[in-house]
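We call the chains A, B and C, going by the order they appear; numbering starts again at 1 in every chain.
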Amino acid sequence: MVEDKKKMVLVLGAGELDRALACMNIAVGGASMGMDVTVFCTFFGLNAIRKEGVAAAPKPEEEPKREGVFGARALRRAFALLNPGGGKFMNPSRFSFGGLGRRFMARLMRDARMANLDELIELAASLGVKFIACTTSLEALGIPRDNLRPEVREFAGVATFLAEAVESDVQLFI
Amino acid sequence: MVEDKKKMVLVLGAGELDRALACMNIAVGGASMGMDVTVFCTFFGLNAIRKEGVAAAPKPEEEPKREGVFGARALRRAFALLNPGGGKFMNPSRFSFGGLGRRFMARLMRDARMANLDELIELAASLGVKFIACTTSLEALGIPRDNLRPEVREFAGVATFLAEAVESDVQLFI
Amino acid sequence: MVEDKKKMVLVLGAGELDRALACMNIAVGGASMGMDVTVFCTFFGLNAIRKEGVAAAPKPEEEPKREGVFGARALRRAFALLNPGGGKFMNPSRFSFGGLGRRFMARLMRDARMANLDELIELAASLGVKFIACTTSLEALGIPRDNLRPEVREFAGVATFLAEAVESDVQLFI
């Protein structure tokens, strides 16, 4: 029976490595147990599902519609430079040490034979986890859609998230 | 039927701008879809629903009851000075840059014609979202009740939050 | 009837004092109201349920199984030194000021006659709250099991958390 399949919706709103890892571990765990899992990424949580490095400029049709704002495009480009995507550029919520902390943590996890963030996302997708990127956040942060990892197939807003959340058995904002 | 109305309870416990924005976007989204939405603000999440700037001293009846603690009042005042309220003083969870980050993010959002935090709170309240301020946190942080925005009509503790949460369809701690 | 007992599962994934306090306050509140409460601690959230100070080296059988990685043990030890356990060493998410912020906040709470983190954990345990430490995180961060507070009786992974979460009325990731 369809009704028997448990459903989980995770919102990843944090740009910190440890929270992204927790999110993907829970997603993989749920999918492994046969749950129907959706991960909705918003704000800095989008960085986890982006391709590695600085995003190219969004295509004109993906830019916010407001015209004639002096410097708006330049500002979004500057922000994009400061905000590279991918797990390799995510700092832990403690001990960032200007980038040393994430290397430290990556090494600790590798030594403990744990999957890194990219591997967890691939595994999650292969188990059927659905990744949704928040369109509002993409626009605000100036991230073009083709900067997202191939595992991301859906783009949606808060209404889509809520429609799934009200039908789910587990909802977590991470 | 009353039972058909979906219910959502959000706890805003973070003082970061991006998490506060995510919370209010979800609240507005839920209320727009006809859900019954409560936002319970605690600890630094209270800053989102405070009037702009430094709070005046709490009235004597709102002060913690402990008497004769040397310097207690002065310490809470000092803390109040460091911890101004309102969305204009909230930093994003990344790129705070001593206040530059929040101006950057405010500009990006304005250029993308997105509502700012204050506008989202007004919109949420007009759609019937109920804002509750955590009384324990108000006392601990030395924030007087009249420092809260007019949208906040209820003051309560964890028991009130839990009573609503157990009856809700969606609960998120942001 | 067993079915009438409401169930709550909290994940503490944050190493910040204010989020740990919020978690334990909610746990105590739920247990006081007769709810069945589980707190699953992962990543830096483990610090809340650790004994105070720097952890000793894990026993060999608790070390990750990977052999012959040069420097792996030394690196985990270095990380352990940087990451002491216990509420006294947790900084708030704002105003850390190199440790001053947590003393500030501890004092504010004491003056307001609020329980500190350790007292809340003891109270929670005495009310029947079940504390689970995430085994994967313990390994990654190099924290031995005997470094955890006596209130922690269970060690488990994400599958155990999810099995409880799908049966719960309230789930929050803090």
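Note that in this section a residue touches a chain if its C-beta (ideal position, glycine included) is under 8 Å from a C-beta of that chain, and two chains touch if they have at least 3 such contacts.
Everything quoted here is computed from the prediction, not taken from an experiment.
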Arrangement of touching chains [line / ring / star / complete / other]: complete
Over half shared or under half: which fits the residue numbers at the contact of copies chain A and chain B, same or different? different
Chain A to chain B: how many Å between their CA centres? 25
Where in chain C do residues touch at least two different other chains? 171-173
Which of the residues in chain B come into contact with chain A in the complex? 6, 8, 18-19, 21-22, 25-26, 28-30, 32-33, 35, 92-95, 104-105, 107-109, 111-114, 169-174
If you look only at chain C, which of its residues touch chain A in the complex? 11, 13-16, 42-44, 64-66, 69, 72, 75-76, 79, 82-83, 136, 139-142, 157-159, 161-163, 165-166, 168, 171-173
